[in-house]
Amino acid sequence: MRRGPILELLEKVKGGALSPEEAAERLGKLPFEDLGFARVDHHRTLRQGFPEVIFGPGKQPGQVAAIVRSLLPQKSNILVTRCGPEVHARVRRVTRKARYHEAARAVSVVQDETVYGEGSIHVVCAGTSDIPVAEEAALTARLMGNEVETTFDAGVAGIHRLLSARERLAQARVVIAVAGMEGALPSVVGGLVSVPVIAVPTSIGYGSSFGGLTALFAMLNSCASNVTVVNIDNGFGAGFVASLINRQKSL
Amino acid sequence: MRRGPILELLEKVKGGALSPEEAAERLGKLPFEDLGFARVDHHRTLRQGFPEVIFGPGKQPGQVAAIVRSLLPQKSNILVTRCGPEVHARVRRVTRKARYHEAARAVSVVQDETVYGEGSIHVVCAGTSDIPVAEEAALTARLMGNEVETTFDAGVAGIHRLLSARERLAQARVVIAVAGMEGALPSVVGGLVSVPVIAVPTSIGYGSSFGGLTALFAMLNSCASNVTVVNIDNGFGAGFVASLINRQKSL
Amino acid sequence: MRRGPILELLEKVKGGALSPEEAAERLGKLPFEDLGFARVDHHRTLRQGFPEVIFGPGKQPGQVAAIVRSLLPQKSNILVTRCGPEVHARVRRVTRKARYHEAARAVSVVQDETVYGEGSIHVVCAGTSDIPVAEEAALTARLMGNEVETTFDAGVAGIHRLLSARERLAQARVVIAVAGMEGALPSVVGGLVSVPVIAVPTSIGYGSSFGGLTALFAMLNSCASNVTVVNIDNGFGAGFVASLINRQKSL
Amino acid sequence: MRRGPILELLEKVKGGALSPEEAAERLGKLPFEDLGFARVDHHRTLRQGFPEVIFGPGKQPGQVAAIVRSLLPQKSNILVTRCGPEVHARVRRVTRKARYHEAARAVSVVQDETVYGEGSIHVVCAGTSDIPVAEEAALTARLMGNEVETTFDAGVAGIHRLLSARERLAQARVVIAVAGMEGALPSVVGGLVSVPVIAVPTSIGYGSSFGGLTALFAMLNSCASNVTVVNIDNGFGAGFVASLINRQKSL
Amino acid sequence: MRRGPILELLEKVKGGALSPEEAAERLGKLPFEDLGFARVDHHRTLRQGFPEVIFGPGKQPGQVAAIVRSLLPQKSNILVTRCGPEVHARVRRVTRKARYHEAARAVSVVQDETVYGEGSIHVVCAGTSDIPVAEEAALTARLMGNEVETTFDAGVAGIHRLLSARERLAQARVVIAVAGMEGALPSVVGGLVSVPVIAVPTSIGYGSSFGGLTALFAMLNSCASNVTVVNIDNGFGAGFVASLINRQKSL
Amino acid sequence: MRRGPILELLEKVKGGALSPEEAAERLGKLPFEDLGFARVDHHRTLRQGFPEVIFGPGKQPGQVAAIVRSLLPQKSNILVTRCGPEVHARVRRVTRKARYHEAARAVSVVQDETVYGEGSIHVVCAGTSDIPVAEEAALTARLMGNEVETTFDAGVAGIHRLLSARERLAQARVVIAVAGMEGALPSVVGGLVSVPVIAVPTSIGYGSSFGGLTALFAMLNSCASNVTVVNIDNGFGAGFVASLINRQKSL
Amino acid sequence: MRRGPILELLEKVKGGALSPEEAAERLGKLPFEDLGFARVDHHRTLRQGFPEVIFGPGKQPGQVAAIVRSLLPQKSNILVTRCGPEVHARVRRVTRKARYHEAARAVSVVQDETVYGEGSIHVVCAGTSDIPVAEEAALTARLMGNEVETTFDAGVAGIHRLLSARERLAQARVVIAVAGMEGALPSVVGGLVSVPVIAVPTSIGYGSSFGGLTALFAMLNSCASNVTVVNIDNGFGAGFVASLINRQKSL
Amino acid sequence: MRRGPILELLEKVKGGALSPEEAAERLGKLPFEDLGFARVDHHRTLRQGFPEVIFGPGKQPGQVAAIVRSLLPQKSNILVTRCGPEVHARVRRVTRKARYHEAARAVSVVQDETVYGEGSIHVVCAGTSDIPVAEEAALTARLMGNEVETTFDAGVAGIHRLLSARERLAQARVVIAVAGMEGALPSVVGGLVSVPVIAVPTSIGYGSSFGGLTALFAMLNSCASNVTVVNIDNGFGAGFVASLINRQKSL
């Protein structure tokens, strides 16, 4: 954070080289950043435990590797989403810590293993095809310092599977519910727990599933009051918000 | 069914007044109905147990009463859907058998109490606001000679209510599942039974429920294989098809 | 079905090692499955005649073959939908019973030839492009132990073809009507028979057919009361529900 | 049509007061209408047999009456669409020839009874609720000097009614097919005749009929090649184009 | 047309082997086609000048060639739409008359050069990208025996080009107006002529053109009363209906 | 919670009147609720601080009052949403504690003033028309025992207003951002804080705001990672989830 | 604009009561507005000629009058959009300058008659039903100190009317083109002028005009490059931006 | 511009070979272009500084090169949009002036370096993925003779970046704001400046961003009054209109 121009100006006021009125006038004209409003964004301590995230699609392996290299000195964890093993291969040349998560289609670089979460986050998904999105959510939460549990393939048409996981669901501080097709899972899960449920619609389905739109709308219309929703296939976003919630401490 | 023109023609062939060739030529030119193809539609016996249905909206009480009067001699049951008590009041002047079903917003005239169904039909609905549509389905099925059971207010966010009804659901030959909002009920019900489930989306909800469209699409994308769907708020259609299924006999 | 934990607990009650009150307390905390609610799903006899189905898209031939191998001991019929001949080639290495159905783009493994259906199922489709979906429906119904008849290429713009099949349609216990484009077929078929008609919209068409959406909506708005609808291209679902209906026996 | 400025200019050229070059220059700068391009629109003879049409919605009875009064001297027929009897009452004060068509919700003033059409136009509609739109089409065609036949309540789920009208349909030079809900009628009609079919979707239906959109799309996707489509509820447009087609003469 | 079964039956009536009553009974049960209703469809003379059309997409060159071969004996013209030169190469092996129309992406086989149309059809299109659809319309009309004129690249933002063609447009008996993007062309053309205008939206455009949907809706909402619409990119349909209109003769 | 049937059964096992095997058999057949699974839903202590909520629309004042009366003994706070002062007048007859919140269009009955939240919840809204939804969110959070701050009329086109509130926003544990029209507020707010932001689209706007759909989609596509979304106008849902988050304690 | 806190702080620095470092620290923590960033919004001179606008819908006449009263001292022009004469009656009690514009459904209070525009703005609309929106645009532009010309009822299906206005259109510095239905007007106008065209879709139309959506999309897809678009019925927005453009001066 | 036919005709009038009346008659029948109305389009001076634009997609490199060659003699600047380096390679063979702009995916040929704009145009975009569209806008504006400034990667979730550019934004005469996802940028920018803002939605995003539709609608619903919108990804259109605005001179 550059505070140079302000200090300089204040020194002049102190020295009498500038009247307070003139100084006030000049202050109003300084570019925004110089006034320190950008502070939050660069302030290291406030950002502890936040991963640096690189959205994979549309980027060349070489580009990703270059970005990773530039981020390494920050000592944060790094996450590359929606990418293939060829991206991992390239990033590995930059750092040995790069690991490929096939199920989540992601690369991680762990540099910070602090536990930031207070309790655990439970990720539940409906079908096997929803697993990549669920794994992206789980991986994000883990990289942000959370303990994560998962229950996969627990669709509502086989309700007993979900009910079997009920005790464990009840112990989580946040639940992420991932589903495509009719998107009914978050409603049922929402009724089984009394903590926030973050619903993630997936683009799994065909015909009138409209690439996840049907699931998205179903989730927004959930009859369970503890459900909020993120964009289609946005496992990262769900993992991110769940982590924020799980960091909440008693004041 | 008028078979006059054909018989007349055949008599002429028999009597030699017309050659078979000429008769064949004329047959091809007769209006369709005269050839007997309309038979099914008027054939009384094939239609036994089918109610005469009057779609209420847009019709004056007097118009409805007039239609009812014209249908009475057929001795079928009569159903007027989506109408208010003022329609009932007017129909009652035509027949004392007219009864108003407040929950279903319908008028019935029962003239045929035969039981046509083999087993029972179970109507389940998600919220109290879905009850009118569920009742329309139930009433339709009853007027078509079926034993009907109902489980109302069994939304998926309170899954235990649905599970409590599981034994009874398992005894039905067809289940009708009615729900608005996220429309998740048929998927859960579909997983609990092994008979056909007819899903009815309702226009209950607000915002992105789009007047029932979200529920409709959710049901079409059900992960339960035994679910088929009818139009939004179409309780009558669901009751009708359920009745057809329940009439199926061993051959 | 594991009933171990419960029996164990009950033995302790019997032996006096546990008071009924303590036992009740523990019962409430047991995981769901242990209480036997998952029974239906694994109960062999209730599932007789139900095929095991593998949704082909997105699966490697090797993966499909592995799943097939694991299902063989159950002695059910097996169906792999929407797959190519290369999947068949791979599955054949696992079992000689694997057969490829080119028109339906499916692989079947028949292990159970019992006839479960009471009557016959008639599959009718509008255009030649709709045949793959119609064949998927027909194949599903056959694998579930039904006699199946088919009438293909009977679009409503050439109404005589459909009328020619009228007698045969009238003998079916369920009709499956498959159509893309304007999706008018189920309405016409629905008027010709008095049994349930399951409508399957297909993604056939261009421009404002919207990948089958126009046909889907047309079918949901059918003026024939005996029509219910499944998702776009869901031939399997239609065949499945038709089979359930055709199994209905007199009670 | 004012041709004043041009004639004036040409007189000056003739008289030598203006060189041809200067005249050409000025011509290019004259406002468009002065050059006579607006001719067609006001040319009486080309417009013979075209009614003057007033779109009723949003206009006060007094406003409509005033417009009618201003149109009377042209001696064309006049049509006021989508209006109630109160509009008729007011227009009647302007001319005794005003007649109200309840079924078509329209007012007509006939001043020209010439027959302009070569053959006849057949208007067919699916349900009784579609009749107002069908009547608007029929009335438009009659006011444009055509012989019009009608077949109402001939929905495709009762195909025999339509088939009964087949001979008469085949004699028309143009067919107008009006339908709401699934909009299947034009496809079936299109297959029965070999003349142009103008399809009119209506806003009749509920739920996923989307105010006529489902019927509109179904018609645009008709498998019959002789079908073209107009906007939802646009009976006037269909009657207008059908009249243009029926005026076509041998050259 | 088989009339065998009827004649046979009538011979029996004549010979006394069958009473008229029994004959009437049997007639009602005969399959539809036997009664002669399918007549129209196969009746050669009624179909004169109608091309046989093969929708190209999804068909192998070999399949197309086989269909062409089977159609050749009917002596109609043959049209293969939306296909590449490789299809032409294959069809040429079947008949030397096969010709490839690059602009229309179509193959034609001309066997009937009769002129069936009374006047001429004018095809106008907005942009150069719309030309393939316009050419498909023009080719269809030519194969159906019409004289066809074309005006291409006459978008409404350069209105003078369209106005230059005004005289020629006014001489046509039908106009086909083809446009993508905002789809405004048919409205302007509709105002310039007093004959039917068939509007063809094309899928040309990007962003909110939605693959032609914007143009389609614009055309359906045309303020010109003489416009009807066909499906997106349906040049064939427009050419077909225009031909039907142009065949209309004085009665 | 009835545990009668189980205890009874266990007593019989203890007394030897029932073998453990028979008891296990019977247990599996007991209705679900009897087994204690419904526990959570009725368990008072787990539900402390949760208000009873009555969705106002479609309910008569008398009906609402009756429901309120039945809920009073539970000693929870009660909230009636989206209702007018006439509902308040009627509820006041049942309890003097009923208070009308005009801005939120809601009635509250406070019976529990415990503070359950750890920190504070900040509700920010974009325009004055969004205030009713924002107030519903704020009221819900207050009834659930939270300290609530509000910043209204802070639309993004006047960014300084939002920036003025930045310090206060940064102190909240959860932020609720309410906006109609383009729905941009949550993205900007999300960038200013590092806690979860719950976005509520409102139906405020006209034309292409589609009753809130545009705002809803904008929020789902927020470039800020800490944003989740609830249904259009769902102030209650946002207040509810925010409360759940604010209750999170250190473990 | 309060600059108090800053001046106070700077005085302390000058007096030595605060070190520059401490002052810089405190500056960063001051609320935004205190730092002068809100300046633009309240700075009178920059806003000269901008009207104060009150969006009428949903406001009581009394509320509108109160807002008008509070705005009067600023000496700007005031515009109340989309309101009836009853609002005018009430505002007139506050100021005699209030005038009602029936065609624009608006109230104006003129306090500043300066001409701010460099040239003229031309408002053209397609149909008589589009006039209210066109008048709102024209009134807005007039209140912002522009000379405004109008050409109404110049739909593209009667192209000569538009062409007649061509010379006048060519003299404007900005054109506003207002149209409902197919929304083709801006494309044609865009081709006739070489200045910016602001397109305003209106909600005029029926059926597939979707409340203006069809016109909106048509305008966004205009083939004329000089067209930009505002929201449906947003006459005010068009008048506002046109005024900004017309104020542009040579630098 | 051919004025031949008119001059010829006028010469005849002058010479007396044609009466003014006959001449007027013939003038009305001449094709439009001959009358000089096409003037504007070809008139060189009115078009100064307008680039010739070739829309790249769907054109072969050779085709593009041929068009470029034909345009070179006009001495305008030439722009080929949305094309790859292979197009550049081919065009370079035609002219050495061809330059490839990788970021804008465009080829330019500069032949006219006149400055036509009065002030500067500022192009701001939200994310790095929006840069190609922003660069297309900037390049278009530069080729039309404008000074262009750019601020990229200034998304609203990091508001300080945008605020830092505030002073520079305030100096522009027009701002182009480019954004995908939630499309919030133009609203915030619109509040920071008092000049016209042209909003360009991009197709950047996934899930419910619907290929840019969400951003498009958000922009149309902007709460900032100085925003108008162009089609999705239409950087060229935005640059074009911005240039027109920036050319506005004092009169």
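Read from first to last, the chains carry the letters A, B, C, D, E, F, G and H; within each, the first residue is number 1.
Operating definition for what follows: contacts are C-beta pairs under 8 Å (C-beta built on N, C-alpha and C of every residue); 3 or more make two chains touch, one makes a residue touch a chain.
Being a predicted model, the structure only gives us computed values, none of them experimental.
Sharing over half of its contact pairs with A-H by residue number, the repeated interface among D-E, D-G or A-G is D-G.
Residue numbering shows that subunit A and subunit G use the same positions for more than half of their mutual interface. Subunit A and subunit D have centres, each the mean of its CA atoms, that are 59 Å apart. The distance from the centre of subunit C to the centre of subunit H, each centre being the mean of the chain's C-alpha atoms, comes to 55 Å. We define each chain's centre as the mean of its Cα atoms; on that basis subunit B and subunit E are separated by 40 Å. Under the contact definition stated at the top, the residues of subunit H that touch 2 or more other chains are 32, 37, 158, 163, 192, 207-209, 213, 216, 220-221, 231.
Contact between chains, using the touch rule, shows up for A-B, A-C, A-F, A-G, A-H, B-C, B-D, B-E, B-F, C-D, C-E, C-F, D-E, D-G, D-H, E-G, E-H, F-G, F-H, G-H.
Per the touch definition, subunit D reaches subunit C in the complex via residues 126-127, 155-159, 163, 181-184, 187-188, 190-192, 205, 207-210, 213-215, 217-224.
By the touch criterion stated above, subunit C contacts subunit B in their complex at residues 37, 40, 46-47, 53, 118-119, 163, 170, 173, 192, 194-196, 198, 216, 220-221, 225-231, 236-238, 240-241, 244-246, 248-251.
Of all residues in subunit D, those touching subunit G in their complex are 29, 31-33, 37-38, 41, 57-58, 201, 203, 211-213, 216, 231-234.
By the touch criterion given at the top, residues 129, 158, 160-161, 163-164, 166-167, 206-209 of subunit A touch subunit C in their complex. Residues 3, 6-7, 10-11, 13-14, 16, 19-21, 23-24, 27-28, 32, 35-37, 39 of subunit E are the ones touching subunit B in the complex.
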